[in-house]
Each structure stands twice: as C-alpha cells, then as structure tokens.
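Inspection log for the structure reproduced underneath, given as structure tokens.
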C-alpha cells in the first residue's frame, strides 16, 4: 500500500511526542494517571481531560536530552487554563535547573481557555517569564507549529519569544483569530471563510517570508524531527549561519529588532494580503503550489 | 456531565502486561480512555464521564459487549466522553486493548 | 364531413409564440437583451398561468433571470406554474410569496427546504409532485412542457449560439422541450464572445440572451475534504470494497456525494490495490468529477467517467485527462444530467450512497420534520431498472441471490446504503418509523417522501457489518437482518440475537472479521489522500481547489 | 491629555512630572521621594497596534539606554481595551511586536530596572499581556476593569448559559472580569483605594523582589489553588 507521510497536523499530541523523539526515550511528568484535571471545566459541566490538554516530560532527540512540551490542539483548542499553564511553567522552570540541550515547545493553541480565562491569562504571562529564564540560562527554546489550532492569542506571542520556529505550511501564527476580526470588524475586513486568504495572512509561508519562522517544513512529523534535530545537534552553527542568536537579548539586538519591525510597520497600506508581498518579491502567484523545500530555497536566494 | 460505573465479570489474559496508557482525545464526537491495572483479575471496571445525557443503557450494552469480546479481566478503563457515537466508543476501546497486547 | 364545422387551427401555439415575440420587441435588439430591460421583457412576454422553467440545479443557477422574474410586477405576471429541477435560490421562494408563481413541480429543494415547508403550511403554494430528475425531464415532453424557459450558459456569440461550458447539466433537455414546442428560450450568459469554443445549443433554438451582471454562481458541492473522513468511514469503505465490489465484480457504478463514498474512492488505490482489484472493479463511472476520485484515476483504476455536471476547480484536470472524461473537441468537459441519469439507471450495476433514516423494511429517507428537501438523482440511480435487458456478472449474481440461487429471467441492480448506526448522540440512522410519514401528514402529501424504496435496497453497510437483503427469504428475516447491523440504536438493541446469529451463519449478515477485515487496520493512513493538498499533489498541480478548501 | 490621566499623574507625582502624550502613548518621567522614575503607558483604552507597541518598546529601550549602569524604576500605566483587530496588523505579525515589547520589558528587568504597573481604566487580554502584566508588581486603581472577555461574549462562545456564568462568577474568580478576581488569583498584587496617598504607596512598590511569585500569591489568597502546586509537581517529578 502506498504510504503517505505521517501528518503532523493530524496526529494527536501523544503521537507527535513519540514520533518526534528517539523511540522509547520519552518519560512524562504528571501524566494522565495522576488525573490532574481542570476543576474549572468540571464546575462548568464541560468535559475534562486526564492531562488537561498538555504533555510535559523529557526525552532524547538524536541522543541529546531535551524537555518536551506538547499541547493537544483537539482538546478545547489547545487553550491554556490553570493546570495546563502550570504544567508548561513547571517544565520550563525545570529546564532552568536541569539544563537540557533544548526545550521543544509544540504549540497548538488558540490562546487563553475561556472557561478559566483569568487563570489562563495569568498563566501565559507566567509562561513568558519562565521562558525568559530558560533563555537566560542559555537553553534554546524551539517552537514547533503545525497543528490545526496554530499559535494564537497569548501563545502567538509565546511562539515569537522562542529562539527558533519550525512551522509547516499548514501551521499558523497570529494574535486574533480571523473569526474574531470578522465578527467585530465585518466580513469586508477579514473574510474568515476564505481559508486561502487566512493562510496568506497567518500561515507558515507568510511567517517564513517575514522572517518570523526559521524554517518551513512539510506536514510530516519526520520533517519536524529532522529540522529540530539539526538545530539541537549543531545549534550554534545553525544559528550562526542565520545570524540568529537571540537566546540572550541585549540592548543592541533589541535595538536592531526595533529598527526592523519599525521598517515593516512602515510598509504601505496595500499590504493587506501576503500575495502582494510575494508578487513584489518576484515570487509570482504560484507560491501556494511551491513545496516547502522549493520555498525555503527561493527565500534563501532572495535573502542572500 | 453524567457518570457511569460498571463492574463486569471478565476473563484475564495473564500474558498481558499492561502499562497505564491513554488513547484518544476529548474532542467533539470523540473520547479518551485511560487503561490501568485493576484490583481483581476476574473483573473489569469502567468509569465513564460523558457529556451526552440519557445514554446509560447504550453505554452498558457497548461496554458489556466489549468485555465479552476481549480478555479484559484485571483491567480498568476510565473514559472521558465528548459525545462519541457507540461505533467510535467500540473502536477506541478495541484499539486501546489491541495496543496493550501489542506493547 | 360536416361543411358547417368551423375550420380548426393547428398552429395555435406558434401564433401565441409570435405574439409573445412581438410584445417583446421594444426590449431587445435582435436576440440580445440589456440587463436593465430584462424585467420589462419578461413582463411583456409572460402570460398569467404560464408554465415556466427557471434553470437551476444544485450547481449552476440562472440566478440573474430568477431575480429578474422576482422583480416583475405581480399585477402583470402572476399564477405561474414553475416546472424545474431545484428550488435553491431565495428568489425562487419570493416568486411564491409575491404571487408571481402559484404552482410547483420540482425535484429538490436543498437550501430552501425550510422556507418551502412554511410556504406549504401557509397555503401560499400548490405542489404538483416531487419528482426524480428523470421523471421531471420525462414530463417536460409529455404534460409539463414549459412555455418559457430561462437557462444559464457560459457564453453566447452575437447570433445567439450558446456554449454551455463544463456545467452542461440540465440545459439541453430544458431547451429541447421548450424550443420544439413553440416555447420561448431565454439564456443568461457569463460573457459574449466573438467565437465560441464549441456550439452546444444552436442559435435557432434561442430567442433571447442577456449577459448577466455577474457570472452565474456555482457551489463546489461535490468537493469533500478528506480531512473530515473518519476511521469509521474508512472501516465501512473497506467492507464495501471487499464485501461488495470485489464479491460481485462491480465494474460500472455511481456514488453518492457524502464522506462515506469519498472514503471508498480514496481507498481504491490503497486498499483496493492491495486486494488485487485494479482492472476488476470500479472501471466505469456515472459521476461528477469528484476531486476525491483523482488518486483512483491516477492509479489506473478508473477508465471512464461520464458526468451530470462539473465541479469547481476540476477544469484543468479534466481537460488533461480526455481519455477518462467526456470532453468536446475544444478540450472542456461536456456533462449532461439527463443522459448521465439514464446511464446511472440503466448502465450501472451498483449505486451506493448514504441517508439519514432507514426503517425496518429498508426504506430510506433524507426528509426530516419541517423541511421538504425532495430527491434529486439518487432514486434513479438507487433503483432497480426493471426494463434492463443486458447482462453483467454483477447484475446476474445479484439476481440469482434474490431468486434463491436460481437463474431468473432477469438480474438485479446492487443498491447499497452505507450509514453509521448513530449519526450523532440522539440521532440514530435506524428507526421504527421514518419521519417521512409525519411529514406526509403535516404537508398533506399524497406519498411519504422516500428516497430509496426498501424493495430496491440490496445491501446495508454499517460499522457493525453488511446485511445482504437479497438473501432474505421473509419479511421477518429482512427485519432481523436490518436490526442485526443497526448497532446500539434502539432498533439494533431490539434484535433477536439467536435469529441474527443464524443470519450470520448463512452469510446474510457479515461482520468485519467474517470478511477478513481487521478493525485495527481501519485508520486514516489507508486514505490515498488525507487532505485537499494531497489531492492537488496527486493531480500534479492540475486540480485547483476553491479558496474555502485551501489552507495554504 | 485626558483630565483623569492628568489627575492620576498629579496624585502619583506631587513633586512634579513631565509626561507627554504621543498618540495614545504616554512617556516621560515622574519625581518621587526616592528620585526620578520613568513613566510609560497608554491612555484612552488604547487598542494596541503595531505603532503603539513600537512606541512603547522604543520608550523602554531608550530608558534602558539612558540609565546605563544606574537603572531607575519604570512605572507602566496600563489602559488598553486589548489588541487592535485588523487584517493588516495580523499580516504584519502584531504578535511579534508584542513579543518584542515583552523582550524589551524583560531586558529592563534584567538590567535592574524595577517594574511597576498601574492599571487605570481597562486592562484586557493581549494588550495587557504585552507589557503591563510582565511587571514585577501590578496594581489596580479604583474603577479599573480587568478581563479577557465579557461574560456575554464568553457565554456565546462557550455555549454556557449567561445566567449560569453569572451565578458561578459569584463564587469563582477564575473566569469573570474584575480586578478583585485578579487580585485573588495573584495576578494583581494590590488594589488601591481612592482615600489612600498614591504617591506614598508607590514608594513602597519601588522596592521589592523581581521574582515571579504570582502562583504562590494566588494560592495564599485562595483564588488559584493549583498553579503553584502543579508547577512544583512537574518540577520535582521523577
């Protein structure tokens, strides 16, 4: 039978964790048997999950020890609640102590879980602070984004705090979901049912184009594993090649980033669709048909 | 939420060496099932929390058939259900059991 | 002969047609009508009580003409009798609300099913009958011939020749019936061209055309995103392929449009191939160009496809596979609903589709309370053609089974219903009594709206197994065979377990394990494409999915 | 500048201040008994877009650069209805501007700047996450509205009846809007009242530990019982 790649987007978080790490190397912390579920969901008569929608633990990636954090996008949209957030924060704090080769953060989340919105908002702020501490300890945080929920709301901000973002074409990063923008500002502002448009605004290819994502990969767990492995294995080399070393932010690096973001914000008002950018860059209108490999190569050629 | 506790007689397969494991996911029309070692080798215990109300009889029928289909003595199954159809419930349980055997 | 008898005129219809054309003259230039003159033209030529066909199927719609008709003054245009396939547009409903139309003979009401039911209850509409497509087309030539038809075409030239594009659909049959019985043919076109790619309707059959302000709307109705196919559907598809297609050697067939049948299409090049079935099953199809058929075409399973209509995004792919599809000399798809329905009824050995409810006799219905949906094409495909004379292996085998193993004077079509026993919690697919009966009562209909008659159904596939109704020898066996695959629905749980086991021993009910199918193999990994993007890849970039189906 | 903001600044800095409004951003300095502090904030319930975020990060970076080895406290004034909702802003990557602003705030902390946030007006969701919520110490002024989403919208999206949410909000601080709820959960360190002398209270806040103690505070105050424990369980798990 013809085999297709093992889709990252389709896989549950547990399968992603198994397939991303070296076989049999993963051990979970505060796993499902401990039944640390959300009392807040239960109070609202909403279904709970044995792991509250996130898996944390340690394992090996190409024999390098890593800490793994993986959100389950299919449970409540991967949204962050009190327990969910605390598990992520605990794993990050542990990284500061244990000093693994890297933290892998598989984000698949719409942001704050509304059933426990206040706890979720504070938790994301706590995650941000813990993430800074990990980076200050010299440990890179690698975000993997390719689930159906992408990285939105507060988790979109968290994604951009990571040192490296590996994303698939199907992955998305943003702040407000298109449905929210359409509801508040009208369908003329953002037609959320135009899925191709949604992806031209927030999808993997446009994020890679803008330099936010480090690498675009196929929707294939093996491709994510290979990319993450390369970065953990020869990380300084890889980061140096790309001129990326934001693990420790300095005044100079942030001033440079300020310049760069300022220039982007000055782009003319025509820029309301990724296609306009691609056309101006000479990538034509066939961007959606380019494979990740072709696309990375075209962009690298343009960047150099 | 509706909860259901079911304790059924079952045959044990001594060659099974169950590690606790979680299958499936709590999303609309789906469920997660946590398999653990139980206390009594001649019984199989089910704990179900379900979002769909009024289906206790259907659950009992599905779980009873499952326990008759496989040697599940000495196992316990905890289920969080978000409105899965009986077809999905049976499939998940079968998958969970077969994975124990394979592991 | 009595010399005093007045001379009888035999061209009354032609004279009436002439009068209509003369009244229309101020509003047209030759055959061309300006958009702003369309309402005036219709008001001038239509007469109260006219039989009118507004073309529209579940795909293309003569939407501009429908809106123009709805904008006519009910003082001048009223009490029309609409004879058309589908009641799909809000403008169609408006015609009845305003009194422009009074009576309706149709096939399908999809999106307007709710509003139609309300019109019936408020007595604002008289429904003649709800037909199958072929039935309605047939009546166009017998007792429901349109006096005026309004159709949709892709393009016209200055003389009024029409090019119908890939979505030919119902146009030829409507125009044929109208034009040759002194009716008036009006076409809305998307564009006027110097030279048409091909002439599908000659200008001499066309009275007026108008370039519509916007191209006629077409929904990608047959596109099923493989993303949404469940493991249960994969399991049922495995059973259908191994337990029916392979068993009977089904080479000629039609599929419904749901995810259940999309799963079968996507399993042919993987599971079907692994069973060595290539070249043995599913070679000839009556089917729209479903994107989910692409992998099976590319794998060499599918040899020929004739289509009712087209599908948005499949144009370039179809044009690049002329050996498979029916295309014109210009390379674009030629579809035709009337011919394809005929093919589905007479030239196919199997129909398989899903439904919402099945009762204990095997009658199935998609009617639910408060909605009048109608039938469309499924009842034509999903019925045994009693007039069929040519034999095929599948048809003969099914006929023998029905006849207790003896060769009969005729074979039997395979009509398969594939359903998950519970559609969702609270909605069992198997019921003691169809909602259709209640609907008949509420709406004052002559018959309950049954989609497929139970005595036409040969097999029912559920996640629990396959029931072969051909082999049942009594109504009791038939009922238990249905209960025996009805899972944990109330109907299924009320089965006689001993009788069901007996039916299983006789092969009337078969479980996956009886067919050598391991439930664990039923994963989405078996699908030849798991996303729209996989389909694009399989087509070599030729398939161009509509924007709502793309997430890249 | 809006007179209520002017009044606030006068009450905070009776010894004097020089704070200019640039669009909806406030930046400048205030004088306290312990010396001069930077003041950076937003006003008029600003919807934070890329420009506002850039102006804020620019102000933080300039404060860091200006102080060098003698870092002064930074007082953030948060008044935001949340992030700007716009297709263009999403395309430009508003989340990235927020992340950049967060990095700048964190750099200030690393460099030894004491960070205090005063919520005056509204503090909502993404706009709040970007800078106010990252301070060492967060205070809500009287009348401050803190939330992710109002209950009606929440009811619509979660499909939980509004009445049920309202009822539960009486006993649980976990989802309903309100500064008091955030205080109970440890997300806000203090609630100031009208009667107090804010300039004196500010002095207290200018000293303190920069560690993130919010989870512990939430447990102590009984509003967030699991955050600290679960993080500890993960930290110590075998």
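Going in written order, the chains are labelled A, B, C and D, and every chain counts its residues from 1.
Basically, a contact is a pair of C-beta atoms (placed from the backbone, for glycine too) under 8 Å apart; a residue touches a chain by one contact, two chains touch by 3 or more.
Bear in mind that the values here come from a model prediction, so they are computed numbers and not experimental data.
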Innermost chain, where centres are averages of C-alpha coordinates: A
Remotest chain, chain D as reference, centres from CA atoms: C
Length of the line joining the C-alpha centres of chain A and chain C, rounded to whole Å: 44
Approximate Å spacing (C-alpha centroids) for the pair chain B, chain D: 47
Mean-CA-position distance for chain C and chain B (Å): 42
Centroid distance [mean C-alpha coordinates] between chain D and chain A, Å: 25
Chain D: positions in contact with at least two other chains: none
Chain B: positions in contact with at least two other chains: none
Which chain pairs touch, all of them: A-B, A-C, A-D, B-C
In the complex, chain B residues that touch chain A: 1, 20, 22, 24-27, 30, 32, 34, 36, 49, 51, 78, 80-82
Touching residues (chain side chain C, partner chain A) in the complex: 227, 269-271, 273-274, 524-531, 533-534, 536, 541, 547-552
Residues on chain A engaged by chain B in the complex (per definition of touch): 12, 14, 31-33, 42, 45-51, 72, 74-76
Chain A residues within the chain C interface of the complex: 1-4, 6-7, 9-10, 169-170, 193-199, 203-205, 219, 288-289
Touching residues on chain B, where the partner in the complex is chain C: 29, 52, 54-55, 57-58, 61-62, 83, 85-88, 90-91, 94-95, 98
